[in-house]
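Each of the two complexes below includes subunit A, the first together with subunit B, the second together with subunit C.
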Partner chain A sequence: MAKAEYTVLGTDMPRKGGVERVVGKGVYGIDLNLPDALSGGVLRSEHAHAKIVGIDTSEAKAIPGVRAVVTAADAPDVRYGRSYIDRYILAKDKVRYMGDPVAAVAADSQALVKEALKKIKVTYEPLPVVVDPEETMLESAPTLHEDMPLPKNLPEGVQVKNVCGYTGVNIGDAEAGMAEADVVVDEVYETKMIHPQYLEPRIAAARPEEDGRITVWANAQAPFPVRTEVASLTGLPLNSVRVISTGIGGGFGGKGSGVTSSAGLEPICALLALTAKQPVMIVMDKAEETISTTIRSGCKIWIKTGAKKDGTLVARQGKVVYDAGGYSGFGNQAGGRCTQMVGGWYRLPNIHMDGFTVYTNKQVCGPVRGPGGPQATFAMESHMDSIAAELGMDPIEFRLKNVPEKGDSIVGVPKLRDSSLAETLNLAKEKIGWGKIQLEKNQGIGFATGAWIEGSGPGGGAVVKMNEDGSATVHIGKVDYGTAAPFGIPMIVAEVLGIPTDDVTVLNVDTDASPWDAGTVGSRSMLVSGNAVKLAAEDARDQILRMAAGQLEASPEDLEIVDRQIQVKGAPSRSVSLASVCNAGHNEIGDVIGRGYFDSKASQAHERETGSSQPFTTHAAMVEVDTDTGNVKVLKYVAVHDVGFVVHPKAVEGQIEGAAAMSLGQALCEQVVHDSDGRTLNPTFVDYLMPTINMLPRIEAVTVSGYPGAGPYGTKGAGEIGSVPPMACIANAIYNATGVRVRRLPLSPENVLRALREAGK
Partner chain B sequence: MGLEIKLTVNGNTHTAELEPSTALVDFLRDTLGYKGVKLCCNTGECGACTIIMDGKPVNSCVVLGADAAGADLVTVEGIADGDELHPVQQAFIDTGAVQCGYCTPGFIVSLKALLDRTKSPTAEDVEEAISGNICRCTGYTKIFDAVELAAKRMA
Partner chain C sequence: MDYFEPKTVDEALSLLDQHGEQAEVIAGGTDVMVDIKYSDEPGCLVNIKRIPDLNAIRESNGGVHIGPLATIHELEESELVRKRLPLLWSAAHQFASLQIRNTATIGGNICRASPSGETLAPLLVLEAEAEVTFSDGARTEPFSAFFKGPGETSLGSKGLLTGINVPYPADGSHAVYLKHAVRGPMDIAMVGVAVMATANADKSALDDVRIGLGAVAPTPVRAPKTEALVSGKALDAALVKEAGASAASESSPITDQRSSGEYRGWIVDALTRRGLEQCWQALTGKEVA
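Take a look at the complex of A and B:
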C-alpha cells in the first residue's frame, strides 16, 4: 500500500550515518577530542544514607596538576527535580544512595583525578538505611527528605511516609462491581530494578569560552533540558550556554535529561570547567554508571479482579508501590503510569487503584524505555491469565471478550477512535500456532498484550533549509541514536520535497541552532519532530512552488516536485529544476527556510473530539522449561504491533525487537541487586547479566495496518511499546508449560526452580 | 617510565611509547587514534573493544598494550577494502542492524575473524563467534539477518 502511494515512505532507506558506523568512523561522545581538556571525575557516596558532617578537600587541592575540586559549597544553593525539587547537583548535608555525587575533581590526567578523589576526606554520620519500598512507607522507617511534604493529592486518612508521588485511578464503583463478580482473583507481583546499560558510557565535556559563554558537549537524549540546568547552575542566560549533542551510543531513557535523569553529569562538568577556567571532560566508568545513573525501578503490585462466569470483567482494585530511589527523579511519572497501566486497557467499568511512589536509599528512577509499563504489564497480563485459568477459559478468548472497541474509554483515554487490540491478539495466536503446534513435555505458549498510551507532552519544532542546489539541511531537536532522526525524518523531507534521501541532511542537536525540544524520549520522535518536519518541508515546498509558478505560468497548486524537477501536474514537460528555483530564491525571498511546529495541545484537543487511535500489541512466546534446573529457553517469539503507518519497516521492526529484547532480559536474568546496606552487589558487566545472542530467540516483529495515529501520515510511537508485554508473556508461557505461576522477577533458573519445587513439581 | 613497542595495525607499522599498565584499548584509541575500537565495560564482557590480534579476536580492554609488541592487529578501520565495504559491513547497513552503532565495530570484527577462519560457518559457529558481543539496541534479530545476508553474498 505504502509503496504505491508514496515514493520514499515505506522503503528501507539505508540508515543515515550507517557507512561511517560500520567502518569505525562514527564519532560518539566518548570519542570527543577536546584540545587541552582536563580529565574530570566524581566522588560518590559510600553510604546509602548518611549526614555529611564535613568535607576536607585541602589535600586533594594540594596535589600538583589538580586544577579544580568542587563540592556543594562551590555550587549555587539551587535544587533540581521534576515533581519534587529535591536534589542538588552535588550532595549537600546528606547523601541518599551509594553513588550519590559528593565532590568532583578536574586534573591533568585521569591518574591524578583518581588520586585526588581518594584524598578528599568526607566525614559521614551514617543514618539507618531503607532499601525496601514497602518498609520505607512505615512510621518506623528513617526519613529520607526532611523538608519534602507528602503529595497534596494523597487520599485522606492514609498514613504513610517517604512518599513522593501518588496516583489514584477511580472509575465507576470498584467495590460494588466486585460484589457482583462470580470469580475474584487476588494476586501480588514483584519486579526488580534493572539498569538500561546502553553501551556507550555517559560523558560530559565543558569549555568556558573567551566571550563569557560556555559550551557543553553531552551524549544526553535531551540537550535543551541540559542547557536549562547548566544555565541555572551558572546563572548565565540561555543564549550564553551552548549544548552540543555528540553521537550517542544508546540511551533508552537512561541518558535522559540532566539532574533528574542522569545524576547531573553535565552541570558538574560545567562547574569544574568554570572553576578550573579550562575545558574538562568526564567519562564515566560502567560500574560507576550502574550504581549512580538512572534505572528502571522495581515495584510491588497488588491486583484483584472480579469477572462474570462468561469472562466479562467487572471490577479491579489494586495498589502499586513504586521505587523512586534516593530522589524523586522520574519516579512519580513512571509510578503514575505504572498505576494506570495496572488498571489495564480492557473494557473495565469499575477500577480503583492507589499508586505510591516512594523514596528509598537506592539509585534514582529514570524514564527508562516504557517507564512503568513493563512492570505494570508483568502483573496485569500475568493476572489476566490467572483469571482465565480460574474461569477455565482460553486466554485468547478471555481477552477477546474484553477488548475495547471504537468509542470505548480505557484508563487514560477518554474515547478510542478505533482499536487494534483484537487484531493483534488474533494474529499473534495464528503466528505462534496456538492450538495447532504440537507441544512437547515442559513446553508452553504464552501471550501478553500491551499498550502505550500517547499521552500529553510538549511540542517541538523543525526547520528545513533549502540549499541552492536543491538539497535540504534539516534541524530538529531530537538526537540520533538510531531511531527517527536517521530514518523516518529524512524520508519525510525527501517525500514532501520530491528529492532523494541522499539530498537530505539531518543535523544533530546544537542548542545554538536547533529548534527547542524536550528530548528524544517517550516514543515521541515521529509524533513531534515527524509532524514538525513534515510541516516545515511543506512550508519550504510552498515557498518554492510560489516562485516557480511565475516561471511556469501556472498556479502553485498545479505544480509538483518530482525527482528534483518542478513540473506542471499532468504536463511534466513544462518543468524547471528545483536547484534553479532555490538558487534564484536568493534574489527573491532569500533562503528558502521552511518552519514547522508540532502543536501538542491542538493535537490533543482534536483527539478529545474525534477520539484517538492508540498503539496496541500482543506478544506470543513458546518456551521450554527445564524442570531440573529451572532454565527457561525461549524457542519462538512473535511481536504483533499496531504502530500506525510504517515509514521505515526495518527501523520500526528494529525498535520493536530491541525493546522486546530489553524486557526479555529483565524477564530472564537482569536485575540490579542490593544488600541491606544499599550497596549494589553487581555493578560490573561481569555480574550484571544481560542477554547475548545465544540467549534470545529471533524475534518476529509483525505490524498490522489500518489504524492511523497522530503522527505524520498516521504513524504512532514505536520505541517503547515493544518493552511492555515480554515479562508477562514469558511468565504466561512458563505457566502454560508447567502449571506454575511465577509472580516475582526475574524468571531466572533459581526463581523458576523454587516456584516449581514449592508447587511440588 | 615509558616503554617503546612496535606493532602493526591494519597493515601500518607503528612505534610508540606506553606505560606498562596501559590497556591495549586505551593505547589503540588514545595513542594511535583508532577510535573505531569502542570502550564500554572494560572487563572483557561486552565485545565493544574487539580487535583481531594475530588472527584471533580478542577483547582489547583485557589485554595490555605491552603484550601487543610485535603483534599484527586488525581493527574495524582495517576491514573495508578502501571504499569497498566488506560484505559483513554492507549487510549490517542493508538489514538495519545498525541502530546506535556503538556495538557495531565489535560485531564486525568478530564476524570478520570468523569468516577468515571458515568460509561457510554454521549457525552455531556464528552464535559462538558473537556470543561475547552485546548489543543493547537491536535484540540481535537484525544482526542474525545481517550475518545471513553476508554469508549468502559471499557464497
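Take a look at the complex of A and C:
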C-alpha cells in the first residue's frame, strides 16, 4: 500500500550521514577535538564490596601537569538514581562492584592521567561479596545498601533482603487454574550478564564557559536526563548546563546514561572540568567499559504452566530474580518488564508472577535493547515448547491454539485492537520450511515468538522551521544513532511538506535549543518524535497554505504541496512556489515555525478505549548440533515481524537483523564471566566472545502488514523486538535436533554438550 | 620505555644481554601490544622485525627451514608449506583473522609458548627443531625440550629463536589439525589436536601415529600412550573410542573463563577420535567400522 499512497514513505532513501560513516569521517563522539582539552580518567574500585576508609590524593595532585583530582568529597552531598536514589557521583563510604568509580583525574596527557590514577591511595576494608542474585536475598548475605528500604509494594510476609524492586502479576486465580490443568510443566531457566559492546567507546567532554555555564558533549542516548544529572551532581541550575549530543557509534541502551543513572561519566567529567577550570575529555577504554558500564542483566526464572489436553493454556505461576547489580540503575524497570513477559502474550486467564530485582556486587543494569525481554522470552518460549512436547503437540499448532485475538487482554495490554501473532507464526513456519524440509541427523528447527508491548513514557516535541527556499530545519529531542532521526523523521517531514528529503535537515540534539525528550530508548523514536514531527510539519504546512490561499484565490483545504510547488488540487497550473510563500512569510507571520507534540497520555487513554495494536514476531531457526563437541551451527534464520507501517524498509530490516544478531550472540557465546570475588574474568575482546560473521546465518527479515500501530502512519517500535526471540528460538531448534532442553545460557558448546551428556545422549 | 630496532641478530642479542629481564622482544606484536596495554610496560622493547632474512621459508636438508619472522599468512601462502607440511598449513589456515595472520609471526607464536598457540602441537608432531641463539652461540633443540611451561621456553630472557627446521613427514603420511573454539578460527583454541599417521604396506593398519595436544597442559604435549595404543593396529570403533579416552587421560587441562577442564577433556577425546578416523579414512580409503 505504501508506494501508491505516499511519495516518500516506504522508499529506501539513503541514510542521512551514511556515507560519512562508511568513509571514516570524524562523526563520532570519540572524534571530538576540543582545543586545550585535558585528558580525564577514572579510578575504579579493585574490590567488589568494601568500605572506603580513606582516600589520599596528595601524591597524585603533586604530579606536575595534573590539573584536577576529585573524589566524592569534592561534589555536593547529593545522590542520584531512578527507582532508588542510591548512588553518589563517585563512591563515598563504600564501593559496591569492581569498577565502581572512586576518584577521577584530569591532566595534560593520557600518560599523566594513568600515572596519577596509580598514585591515588585508597584504603579499603573489604566486606563479604555476593554475586549470586538468589543468594543476595538470603538473611546470611551481606547488606549492600544500609539505608535503602525494601520496595513498598512487596507482598506481606515475604522475607528478603537486598531487594530494590518488586513486580507482581496477578490475573485470575492461578492456584485454582492450575488445579484444572491436565498437564503441568515446571521449569527453571537461567541467563547470564552480557555487555552491549557498541564499538565506539563512551566519551564525555566538558568545558566551563566564561559566563559560569558548562557545556557537556556526550555520545549518550539521553541528553536531557544527562543534563539533569550533571546539574544536580555538580550543584548547577539546569539553565547553566548545556548538553550537546555527538555522533554515536552504537549504544543499544548501554549509552542510556541519565536514563539508567549508572555510569555517571558525564557528571564526573563536568566535575573535573569545573575543578580544573579547563576543558576535559574522557574516552573510556573498551575493557574498562566491559567491567564498569551498564549491561543486560542475568536472571533466574521459575516458570510453571498448566494446560488442558487439547493444548488450551489455563494457568501460569512463576518467579523472576533479576540482577540489578551494585546500584538500582534500570534494574527495577527491566526486572519488572521481564516478570510481565514471563507471564507471556498468549491467552492465559490465570497468572501469578513474583518478580524481584536485587542488588549484587556486580556492574549495573541498563536499558539494553529490550530490557528484560530477551531473558524472559528465553524462558517463556522455551517453556512453551516444553509444554507442547509434554502434550505431544506440534509447537506451531500449540501456539496457534493460544494466540490472543482482537478484543483479548494480555499482560500489560487491557485490550487488543487486533493481533498479528498468528500471521507471524504461520509465515515463519512456511519460510523456514517446517514439515517440508528434509532434516538430517542432528538437525532441527525451532520457533519462538516475541512481543514488545508499547510501554508508557513521556511524550516529546518537535519543531519544523521553514527556510526562505522552502527547505526545512527540524528540531527533535531524540539523537541520531541510526534509528528514526536519520531515516523516518526527514521522510515524514518531506512527505507532509511535499519536498525532497534532501531539503530536510534534522538537527543534532542540543539541550539549549532542542525540545525536551526522555531519551532515545524503548523503541519510541517513531512513536514520540515521529508523531510530534508529523504534527509540527502539518502545522507548518497549514501556515503555508493559509498564506498561499490568498495568492491563489482558493481555500487552504483545496491546496496541496507537490514537489516544492503549492497548487490547487485538480488544477496544478494554478500554482505558486513553496519558496516564494516561505519568503513572503517574513512579512506576514515572521517565520513559518511548525510545532508538534506527541501527547503520550492522551494516546494511551485513547488506546485503552479502542484497544491497541501491538508488535508481535515469530523467529524460526534451523540448526545443526555437533553432538561430539556441543557446537551449534545456525543454518537458516527467518525473522517475521509486525512493526506496523514500514516507513523505511531497509532501516527496519537493519534493525531486525541487528537485534537478532545481538541476541544470537547471547544465545551462542556471549557472557560476562565473574569469579566469586566479583572480578570480571573476560574484560577484553580476546575473551569476551562477540559472535563473528562466520557464526551468524543470513537473517531473512520479513514484515507483515495490516496492523497499524500508534506511531505516525501506523508505525510501531522496531528497534528492540528483534532481540526478544532468538535465544529461545535457538534453544528450541537444539531441542528439536537432539531432544535435549538446555535451560542455561549461553547455548555454548560446553553448556550444550553438558546437557547432552546429562541426558545420556 | 626504551625502544630499539636492531639490524642484526648479534645486535639484538647484545641488547638482550645488556637489558636482561627488562627487555622484551617484539616481532609482530600481536601478543606483546596486548600485554603492554593490560599489564605493566617492559623496560624496553627490542623490535626484531627489521632484521633482514629472518622470514625465509625454504627447502633445506630434507625439510623446510622457516625463519621466525615468517608471518602466519606467509606460511598459508607458501606452496612449499601447503604441499609438504599440510599439517602446519592447516594450523596456519585456522589461525585468527586475516589481519592477525598478516601481522603475527610463527616465531612469536612459538616464543609466546601459550599452550593454545596454533602452530605448537603441529610442530611437536612434525618433530621439528628450534634453532636458538644466544650471544655465545647457536644450537638446535627439539620443541619437546624447548617448551618449559606457559610463557616459558629455553630461551629465557637472553635468547632468540632464529629458525625452525621441520623435516618432511614420511611419504604417504596423512595429518589433520583440529581446532576447537567457540568462534572457530576467530578465537583462541580451547583445544587443538594434531594427528599424523602413515599406513602399513597393505593398508591394514596405522603406523607411526603421532598425536599432539594443544591448550590442555602447561605446554603443548604429545600423547605417547595413545600413540602406542593405536600404532600398528587396524582402527575399529572400539579402538577409536579407547584412543579418545586415552588421549583425554594424557591431558591435564585447566578450568578458565573459556571452559572447564572437564569439558576440555571431552573435546580432547572427541577430536582425537575424529583425527584418527580422518587419517584412517584418508590412508586406507575405508570408514572406521
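FYI, the second predicted complex is superposed on the first by the 755 of 761 C-alpha atoms of A that agree within 3 Å, B and C clash if a C-alpha of one lies under 4 Å from a C-alpha of the other, contacts with A are read in each partner's own complex, and residues count from 1 in each chain.
In the analysis below, a residue touches a chain if its C-beta (ideal position, glycine included) is under 8 Å from a C-beta of that chain, and two chains touch if they have at least 3 such contacts.
The structure displayed is predicted, hence computed values, not measured ones.
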Winner by number of subunit A residues touched, once subunit B and subunit C are compared: B
Which of subunit B and subunit C A:Asn682 touches, first, second, both or neither: second
First (subunit B), second (subunit C), both or neither touched by A:Asn694: both
Which superposed partner A:Leu753 touches (first subunit B, second subunit C, both, neither): second
Which of subunit B and subunit C A:Arg15 touches, first, second, both or neither: first
Set of subunit A residues, in rising order, touched by both subunit B and subunit C: 684, 686, 691-692, 694
Subunit A to subunit B touching residues, read off their complex: 12, 14-15, 17-19, 21-28, 30-31, 196-201, 248-252, 285-286, 481-483, 650-651, 653-654, 657-662, 664, 684-686, 690-694, 696, 698-699, 701
Footprint of subunit A on subunit B - complex, ascending: 34-43, 45-46, 48, 75-77, 79-80, 85, 89-90, 92-96, 98-105, 108, 127-128, 130-144
Complex contact set, residues of subunit C against subunit A: 34, 38, 180, 182-188, 256-260, 263, 266-267, 270-271, 273-274
Subunit C partner contacts - residues on subunit A that touch it in the complex: 287, 628-629, 631, 668-669, 673, 681-682, 684, 686-687, 689, 691-692, 694-695, 748-750, 753-754, 757
